[in-house]
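As written, the chain order gives the labels A, B, C and D, with residue 1 at the start of each chain.
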Amino acid sequence: MMTEPMIAGLWTDTVSFFGVHAVAVVLLKIAVVLFALLGLVSYTVLAERRISAFIQDRLGPNRVGWFGLLQPVADSFKFLLKENVMPAHVNRIYYVLAPCIALAPALLTFIVIPFGNTLAGEPMVIANLNVGVLWMFSIASLGVYGIVLGGWASNSKYPFLGGIRSSAQMISYEISMGLSLIPVFMHVGSLNLTEIVNAQSHRWLFLHPNLFLAFLIFMISSFAETNRLPFDLPESEQELVGGYHTEYGSMKFALFFLAEYANMITASALMVTLFFGGWQVPFALPESLSHPVTWLAPFVFQPVGFVYILSFFLKMLLFLGVFIWIRWTLPRFRYDQLMNLGWKVFLPMALANVFVMGIWMALSV
Amino acid sequence: MTIKIERPVLKWHENLYFPAIWGGIKVTSRHFWKTVGNWISGKKYGMITSTGRVTMEYPEEKWAVPNEYRGAPTLVKDPDGRIKCVACQLCEFVCPPRAITITPEPIPGQLPNATVEKWPKEFEIDMLRCIYCGLCEEVCPEEAIFLLKDYSFVGESREELVHNKERLLELGGMRQDKIYKWKNK
Amino acid sequence: MIADAKSTSTPMVNLTINDRPLSVPQGTNLIEAAAKLGIHVPHYCYHPKLTVVGNCRMCLIEMGTPQIEPDKKSVLKPDGPPEITWMPRPQIACATLVSEGMAVRTHSKMVEECRKGVMEFLLINHPLDCPICDQAGECRLQEYSVDYGTGGSRFVERKVKRPKKVELGPRVTLDDERCILCSRCVRFCQEVAKDDVLGFTDRGGHTTLGCYPGKKLENNYSLNTVDICPVGALTSSDFRFQMRVWFLKEARSVCTSCATGCNITVGSREGVVYRYTPRQNDAVNSTWMCDAGRLNYAWINDPRRLTRPLKNGQSAEWSDALPDARHLLREAGMKGQLAIVASGRASTEELFLVRQMAALFPAAAVDIVGRTGGHDQILVSADKNPNTSGAKLLGLATGKLAEIKKGIESGRIKTLFVQGENLEKAGFEAGLLAKLDALVVLDILPSPTTQMATWVLPGAAHVEKNGTFINGRGRLQRFLPSFSVKGHAHEDWYILKELLPEAEHTQYHSFHSVFEAMVRETPALAGVAWEGVGDQGTPLDLKL
Amino acid sequence: MNLLFYIFSGLMLLCAALVVANRHPVTSAMLLILVFFFMAGLFVLLEAFFLAVIQVLVYAGAVMVLFLFVMMLLDIRSSQIRRQNAPAMLAGLSVGFAFWVEFWLILRHSALPVGAPMNFDAGIRPIGKLLFSEFVLPFEITSLLLLAALVGVVLLSQKETR
């Protein structure tokens, strides 16, 4: 057990390492982003339901609040108030742990994403890591534990098959996903996401032919990594009932559900950051926006900071829309097709892309 | 006999998936915008086919169930107000999910129908178990069980959805029929 | 069975039934002969244990004898077999005895037509109240209606009304509309119960079954008439409307009410016993049993059944009860202060384990509680314990009960182990039991004794466990479980073996291991196997 | 930062001990993942962020997932989980001890200053440079070894279908 002086010591260490102001600001940013993210997750679920309904000639949830806008609130109450059932045959520790492990990486990955330029002099990113993208990958690769453990701990055949499938699928696509981004780093010369965004101030990266290919591979792989259709084989309702979360209910199920949508949001944010200029705006903004708001002194508060955040947000929503739309458009791949696509198409393609990018760079020097 | 289905040999551009994806997106977009348009303009929404509108605004509009529809099972009384059930327990026996529990009892001598000798002291149908198969109605030799057309039963507790004799009789009501098998006993 | 017994002395007769050759002892009737070939001839009034009257006419068959020429030789067909002269009209199988060369057709067109006719007559006045009839499911009228009945009725007149719900006696209810006048019940009362109270009155369609004026069907065998009634006319007032027979799970068991050990079938559903019915065993009870034994089952369903161990009346856990009780018995046994009261109602295997416990402490006194009562010349024994012979065989019936009582009074005996007995009935008053330091009781129902007990260990009723009884004539008979033990109670063999010291009880991992150990260690049981005992029991050579 | 170092290394050692002591393979695997995390934490304290992230990405994110994958397919029942086996334990302890002695000897004769924090750049560039200059031979040999293993696996798995 840690004694009180030790905790105090830890705190002093941390503060002395980062500075009081920095710690406070980081905590504030974490709080804001976390709430925004969770809010966005629940409204993405609503959007998914409404859009899928419209595509299927229905209306979708329209009872709670105006146009069903309070549906996520009702859903969250329902999940929280539901009876928490623990099946008798499960491995209790991992069964409870799995949903937490699934959600935590999905939320953690967001901390390296610059969701705006600066606001009141603060860079709009929680942690400006030099290894930003690698951080994303390393944390995102942990998400698979939630699914695998959930499938295994449920001690039941369908979840187990779902868990096995997902571990194979996620490992496979992680490789092409990682390789697809190497041309980006080669082009920008950094792993830092802020620098990658800054590098796009003149031209967004997807306009570069090699990087457009990289973007395609990355986008398709992220469909596979987030277990979204057409690659939702770990769940595949028709064959595996619900896959890894078949035995889950109430809030534990909700955590898996939230994790899927949080992953979607992160993937969209990453696509925006890496290929679509991040928070940048493709046109010149009026000068007046850059003037600090006078009545907010002593803070240097420029309205343009909000514009950038909004820009980032809108681009992200666009990709979320793509995620949702694709789900209701395409049927599920067969397992062998999925594996063929990952190993025989995207992996060689991504490798070749790295190679071509190298040649391109060598020639253009 | 095995039927061999020839798989179409795809051309190179078809193998790319993109044309198919684009085709799919066109279809989904058409439905999406049409529904959105109808919704905004306040029109009835839903796809119109040759057989009519296929989508129904459920809680306001309800499906007209066919006569053969099997809804909740209930007990009925005959026009004289006699409980038709004689507690033969055939429905209890035939019920596939074992939703029915009957406690039989001799009819107390002072009651008007005492000549029938036997009736259910308690008759319970667990609507959480019922699968609406209608076998109880089918098997009943006294025509005492009838299935309603109601299909949405909700309750706030499990107990509430175990229908007892009073509830079943209340739901079933009186049935106009001409079988007075026990009247002259 | 009857035929086999006679086969040594009685000459055999050859005949053919439905062209299948058969050889049976002389004097066999055609229903029994056909049964040997697995052919069922429908019948109502015929019962193998009663005289033949032939009044139901259901067992009609076609019959012929070989053509005999004047020189007494059979006429042969061109291909060998004798030419048969068929009787122009059908015969009743129950009253026709076999004869040499006889040929029988049990399912020919004429026979089937006749049976249809008989069925139509029988159903004319039948009330068709199968939904409320307790016989439904085991009713011959239903069964034969399916085989030979017509869907509709040609009878347009009013059905004859006859008395319904007549109480023939305290335990038997008659519905006369269902009666088909087979007279099985009348013959049973005359021939088996020797209590001639039933008879028919009125004529034709109005013939009614009833008791002689001033008499009632109240003998101790009255419920057998319900068993043999082929339709639902006679029903048991006890079982009436309780449960439909098709729900009943049947298990082969033995009646526990006296030393006769009538073989029974226990009908239960979801852990509730609904009835006992006699099971045929010609060496014990034929096909009958007494009413007293038959109705002695309600205690099994008693809501007060003990389902948890009790320590001084408080609910406790087995994990505490068994070691503690074991310790108490062992301590007292070592000091010579232990006495054991075993039970003649316990199975032989349980008594074997009790004997093993007693053998560990030679000073311990042990005895069973004896029970005696009235007896008759039919089935009821004076000994009311089902397993006194088992206790005697194992040396537990020592007659030391009075000595134990004295021992408690004098304070020499400080710990008592009681197996399923209410000691108050055996003359142990509460004040006497209060003198004990410890009282360990194995029982299934609360009694004054369990109220005094330090530990109450809940056991199983005989319908919840395997076991054997040895009846008054030294016949070892098995009983099998109908359902599992109620609540947290355990089967008795398990509790008893847990009360033995560790080294002793590890050898018993199942009921069968107890049975095998008992056979191994008891010379009189040499060669007996659980499967070999069978449903009819096995006679032992006991020198009691 | 000393306190954090002790916390991380203490927890890491504890988890590592539990990996060995634990009887359940899945729990052992999960504990091993925790070990990797604490090790990554130590790298972070050394400001070697790249190494820390790669540590998590490669070991926790990929290698251990494959381990788990195989373990699940093995269908290990709790009843079959091996008992403590004295010879194996002895062998394990002696190998561990030998390794520890070796390690201690190396450290004693090492030119690296023990105990004092080093000042080095653990970014991508220096690591890449080192890998492709000074350590290029071991690097290539390792990749060849992995390739051989890969070919071997393919060969083994093909055997049955031939």
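Keep this in mind: a residue touches a chain if its C-beta (ideal position, glycine included) is under 8 Å from a C-beta of that chain, and two chains touch if they have at least 3 such contacts.
As the structure is a computational prediction, the values presented were derived from the model and not from experiment.
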Central chain (by mean CA position): B
Distance from chain D to chain C - Cα centre to Cα centre, in angstrom: 73
Chain B-chain D separation of Cα centroids, rounded to whole Å: 60
Inter-centroid spacing, chain B versus chain A (mean Cα positions, whole Å): 44
Multi-partner residues of chain A (each touching 2 or more other chains): none
Arrangement of touching chains [line / ring / star / complete / other]: line
Complete list of chain pairs which touch one another: A-B, A-D, B-C
Sites on chain A touched by chain B in the complex: 51, 53-59, 325-326, 328-330
Touch list for chain A against partner chain D, complex: 6, 9-10, 13, 17, 94, 129-131, 134-135, 137-142, 144-145, 148-149, 152, 160, 163-164, 167-168, 170-171, 174, 191
Residue ranges of chain B in contact with chain C within the complex: 86-90, 92-93, 104-106, 115-118, 141-142, 181, 185
Touching residues (chain side chain C, partner chain B) in the complex: 127-128, 130-132, 136, 164-165, 240-244, 246-247
Residues of chain B touching chain A in the complex: 21, 24-25, 27-28, 31-32, 34-36, 39, 45-47, 54-55, 57
